[in-house]
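Pasting a structure below so you can have a look.
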Amino acid sequence: MVGGGTTGFIGAIHLRAAIMENKAELVCGCFSSKPEVSLESGRYYGLPDDRIYTSYQEMFDKEMALPETERMDFVVIVTPNKLHFEPAMMALERGIHVVLDKPMTFSLEEAKALQQKVQETGLVLALTHVYTGYPAVKEIKARIAAGELGRLRRIYVEYPQGWLSERIETQSGNNAGWRTDPAQTGKAGCMGDIGTHAWHLCEYVSGLKVQELCAELNTFVQGRQVDDDGTAMMRLEQGVKALLSASQIAVGEANGVNIRVYGEKASLRWVQMDPNRLSLKSGGNREEIIHIGGNHPDLGKAALWNIRTPGGHPEGFIEAFANIYRNFTLTVMAHRSGEQPTPEMLDFPNVQDGVRGMQFIETIVKAGWNDDQKWVKWIE
Amino acid sequence: MVGGGTTGFIGAIHLRAAIMENKAELVCGCFSSKPEVSLESGRYYGLPDDRIYTSYQEMFDKEMALPETERMDFVVIVTPNKLHFEPAMMALERGIHVVLDKPMTFSLEEAKALQQKVQETGLVLALTHVYTGYPAVKEIKARIAAGELGRLRRIYVEYPQGWLSERIETQSGNNAGWRTDPAQTGKAGCMGDIGTHAWHLCEYVSGLKVQELCAELNTFVQGRQVDDDGTAMMRLEQGVKALLSASQIAVGEANGVNIRVYGEKASLRWVQMDPNRLSLKSGGNREEIIHIGGNHPDLGKAALWNIRTPGGHPEGFIEAFANIYRNFTLTVMAHRSGEQPTPEMLDFPNVQDGVRGMQFIETIVKAGWNDDQKWVKWIE
Amino acid sequence: MVGGGTTGFIGAIHLRAAIMENKAELVCGCFSSKPEVSLESGRYYGLPDDRIYTSYQEMFDKEMALPETERMDFVVIVTPNKLHFEPAMMALERGIHVVLDKPMTFSLEEAKALQQKVQETGLVLALTHVYTGYPAVKEIKARIAAGELGRLRRIYVEYPQGWLSERIETQSGNNAGWRTDPAQTGKAGCMGDIGTHAWHLCEYVSGLKVQELCAELNTFVQGRQVDDDGTAMMRLEQGVKALLSASQIAVGEANGVNIRVYGEKASLRWVQMDPNRLSLKSGGNREEIIHIGGNHPDLGKAALWNIRTPGGHPEGFIEAFANIYRNFTLTVMAHRSGEQPTPEMLDFPNVQDGVRGMQFIETIVKAGWNDDQKWVKWIE
Amino acid sequence: MVGGGTTGFIGAIHLRAAIMENKAELVCGCFSSKPEVSLESGRYYGLPDDRIYTSYQEMFDKEMALPETERMDFVVIVTPNKLHFEPAMMALERGIHVVLDKPMTFSLEEAKALQQKVQETGLVLALTHVYTGYPAVKEIKARIAAGELGRLRRIYVEYPQGWLSERIETQSGNNAGWRTDPAQTGKAGCMGDIGTHAWHLCEYVSGLKVQELCAELNTFVQGRQVDDDGTAMMRLEQGVKALLSASQIAVGEANGVNIRVYGEKASLRWVQMDPNRLSLKSGGNREEIIHIGGNHPDLGKAALWNIRTPGGHPEGFIEAFANIYRNFTLTVMAHRSGEQPTPEMLDFPNVQDGVRGMQFIETIVKAGWNDDQKWVKWIE
């Protein structure tokens, strides 16, 4: 692991998600650029001191010098966006598979470079767009693909949060600092941090790509250097219209990701904070609640593959995260044994999603700060 | 009453709402241009045959010839938009107060003419934007005005319906026909029918006016002549941003009007299909559910004035409608007795709201069918 | 009307419910034993002074002396339980139909006397068990009767309220006083006031009668003279088991009546504070939400007869009340014109329900304060 | 692990829960009495063949012969109730700590024997009453203990499930067989399997013990040999009344555990299928939703100790399970190092809870099948 020290919470989430299926274990880490934080974190996570490093370069070098059965197989990078590219590229160059937090990189150029390296090496790269790891989301995708909603027409996708309602980035003890600093986070604030999740959810479930968009970005908190709110009307392939909104100043909202997809025949709704229920509506105001659980007779293969419990035993965020890790791990294992991974194993966000995510940021930043041009074509 | 025969449901709703407080009664009506439908409807509503008319001109003339204590005091007009102006103007010219269904008229010009006539005559005109008749909505307005949310930042207002997901206007037995016929409904379909409700809710609760908007209108159902879906990013006074969406092709949705308002300190959410609850959220993911009821200790004067039952005894759509009627009736009674109505009595949508509603239609139609100009100023 | 002055809220509810369909009007009343309260209330409700009385005996005598087209057709009695029997019997003796608040009388003997008088006279008596007036409840009854749930097994019915959590009966300005005074309310407190509603709901939807029960009643608030909480395990016909709980010390609960009915094949759930939704569950954790509205394609005749609006336009407590009044009024009108009322018209709680309600009180009081005998047979 | 092969789902749940905090790992197992199932399961879980056993006796013997740093520290027993006691006692006799699924044993006598052995050896025994592992439940307990609800009055605890609505125990491929077989499951069916969870939840949050109860047990499915449904009125210490219902024939219900606790001042409600929300209600129909999350400013120490994510990132069943394992593991580690575990570490169901659970079964079986004696004292 690179980053993810015990001063934040996300490192421990990645760790739990990675080991949950007992198919991966933490063997080494460089958890912070501060040696004492890295050491303390590594010990807390149960590592021996000689596998706790203070630079990722050192880690990669020493690990690759170990016998193949002992050394790291993949690296998890959970640093600020500015520090994604270098360790990821370094890992790929040494033959190490990579798990990256989203957005994939600081800039679109870096993303394309990673994409090229992945293509050259054949290594596996996963991006933790966690919300598409939920089985309910996979069920939406499958039902849309099977035509259950009919031809799609309209999508609403929202991601409201309230934690940046005040200028907390000037305080310490939270991770608002780098997320609102353009030098570390990149061109977009809210849209990079959570707008990309909303966009990914939209393209993932629909199977359709955004072609152009009209947007408005806002910075409501005085003194902040990046957007903290925004909305976009998006035109997807096949004439589908989507409305995306993301905000970090929606005071009182914890983590309200949700999506509604309307087709000609039926619609589906999912709300992340109530993740094990889907609402399926159709003509005549008919509504069905689909309870996500391993014993539900109507669920498809993709959802079932990613469910651990029978209905009524709620799974949540960590399990969604673990689905990405499990599928990634199985793909890595197939890679190692020379087998072809199944489509279910390959169902995790990859380097192509990462490149498109950076293109989304480019496009929405251009569209959102511009009062003259209404529609901006997707920036490739 | 003009229109509102028993072939539709809305006439009976108006009647129930008008008489609920035992302060008004139905004395006459012209329920349809078809004599037999008008007669049958009038009899069903309990009128004697001599107070059932087949033209509103006849009705106004004969009624005004009756003694003052017997004749009609106000007229309720529930015809298609195209037929709002003429009977309304005719009534005002004869000294009869008016209740009109929204949108107020077929065109902005007609709306301005009505406004001028109301100003000249001092008569009372009410517009049945029913959703702002709910006590919960009045509570939102009062709390915002009192500064409980802090300075406002962002509003989301939605009105999803699904009943026009198919081209039912070609069938008989529903009222989709005139609502999708530009010759009867006016420039806008969905935006005139329900978009105006969403817009009114937004301006009513915030107390702020829309200044410009960027919109996209859509017609998803092939062959339809008006918009059946649309979204708008709206810029309100004081830098507030609002996102409005309205759709009649949101298949499976019954009547999902809802609004969320975010200020610097707190936010409020209301969903019309669950009308007696407000969610008040603030920092730290704190949430309070405000149960609307006459005995709730925290509700303000405006809400309490419009509540009939203690908490837990749900009020609904007809009561919201009845609030408009009650306040209108009390204002008419005050008018008759030469007294000044209280602010609570005057709290119903009036001719100014009607003119702004028509301006909203003008503006969103211009913005929504236009790919070049991003922001369109409010059309006065 | 007898009782129902403007010092309480329930008189106005009865009035709105009675007139909502424009089939009945308030013509006279004796709203209080205090002349000035009666006069003030009558004037507020719009009555002329000569139809406002200070005793019901005077009212009945003077009204029956009026011409048949002018005088009262039925009386609404909304006094404390102790004052139900005398005015009701007096009205029946004079040929006046009766609407009574529940429980029907102070004692079971009075109830049986009313029953006999109704049978002798053929007059109509309605009891305002309002919760069975909701269309959703009628839909449950219809689906059970049609076998959609399969053979019934178990019912849970609850009625939690919190308004008597403290000893407010010692204060003025609320109606806790008579409700907790055995001399006015009868043998039971909570079980008479709201337990009877829960019991009625249970027998109404299932179509099955309670045969014996095992109960515990409690008085949690010190100094209170009647039960304020209780639970009962009930054995119904056909081996169905029901669990009833009612409480007025469930602090924070407004008016949480709800019922769940489980059959062999499916189950239904209704919650009064969310009255326009039914949850239908069946094997495999399948769940359907049935949105109550006039345009829902799956609703039965009984529900549709009692619905006024299309889906998504919420109806509530006053409309449920108005359903009892409408059906009662139509039955009275049929009675007057010598026609046979339809089954839909006759669908309101009547004198038989009133007698059974008093038997329920007798039975649960005996069972609930008794630690020795486990099961107590229904007291006829 | 004893039991928990890949033919069921619960073994994998225990494994994920045990390893989630990276403080325990699976080192050996005897997953089935069928050698091939045990081998296949062990390999699936990633064990080398020499640590996969076919009898627990063999496992205990061979493991204890390994060096201390290699051998098992604790055993997880997830077999049918009949097979709890023997392996548990065997482990305790060899100095191995134990995790047991509930109910603890087949009979009360076995439970008391285990309790004595635990007291003698000082070893740690945890019982997986998973629902009290949820942070929301710990928050309820803490708020009650702190007096936030005032003196308690009434508790409702429910556990409805529907999976045994039909006689599926005669089919293979489900685990209904042993659960409905008195020779394997013990005296109680539904009440042993899920009633004990409901009872435990009630005593855990209130801190009060049941003293006597009045119950009715039912067997609705023909041919079934144990109860599949039941209700109990329970009298707790300090005059608190509780109503417990549990059913496995509540068709359509997945796993609806929920509890409501009413005190003099306020009440709390928790629903397991929506586990990250608490509803706190108080006078005047006020309601607060407490969103369980690591950053909520109002949560107590016990809840925070058991939370992994910030608000809006749902935790679920596996995390609740993992809380039991984490606290157990930390207690075992403290035991090994001779330190005193903190109260937070000791917060898991232990052998005393196991004995009381068996006493609950004894008491409710006696009360529930008995029509003569109303109240049955807690059987020690």
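Letters A, B, C and D name the chains as they come in the text, with residue numbers starting at 1 for each one.
Here is the rule we go by: a contact is a pair of C-beta atoms (placed from the backbone, for glycine too) under 8 Å apart; a residue touches a chain by one contact, two chains touch by 3 or more.
What you see is a predicted model, and the numbers here were worked out from it, not measured in a lab.
A.B. asks: State which chains count as neighbours of chain B and simultaneously of chain D.
C.D. replies: Both-contact set = A, C.
A.B. asks: Superimpose the Cα atoms of chain B on the matching ones in chain C and note the rotation angle, 0 to 180, in steps of 5 degrees.
C.D. replies: 180
A.B. asks: Pick the pair with more C-beta contacts: A-D or A-C?
C.D. replies: Result: the pair with more contacts is A-D.
A.B. asks: Among all chains, whose Cα centre is located farthest from the one for chain B?
C.D. replies: Result for max centroid distance from chain B is chain D.
A.B. asks: In whole angstrom, what separates the CA-based centres of chain A and chain D?
C.D. replies: 34
A.B. asks: Centroid from C-alpha atoms only, then distance chain C to chain D, rounded to Å. What do you get?
C.D. replies: The computed centroid separation for chain C versus chain D comes out at 43 Å.
A.B. asks: On a C-alpha centroid basis, what's the spacing between chain A and chain C, in Å?
C.D. replies: Whole-Å distance between the two chain centres: 55.
A.B. asks: For chain A, give me the residues that contact two or more of the other chains.
C.D. replies: In chain A, 253-254, 285-287, 291, 293, 295, 311-312 touch at least two other chains.
A.B. asks: Quick one: which bits of chain A touch chain C in the complex? Just the residue numbers, please.
C.D. replies: 279, 284-289, 291, 293, 295-298, 311-312
A.B. asks: Please name which positions on chain D make contact with chain A in the complex.
C.D. replies: 9, 12-13, 15-16, 19-23, 25-26, 45-46, 161, 163, 253-256, 272-276, 291, 293-295, 308-319
A.B. asks: Which bits of chain A are touching chain B when the two form their complex?
C.D. replies: Residues 153-154, 156, 158, 162, 165-166, 214, 216, 218, 220, 229, 231, 233, 241, 243, 245, 247, 249-254, 260, 262-267, 280-283, 285-287, 370-375.
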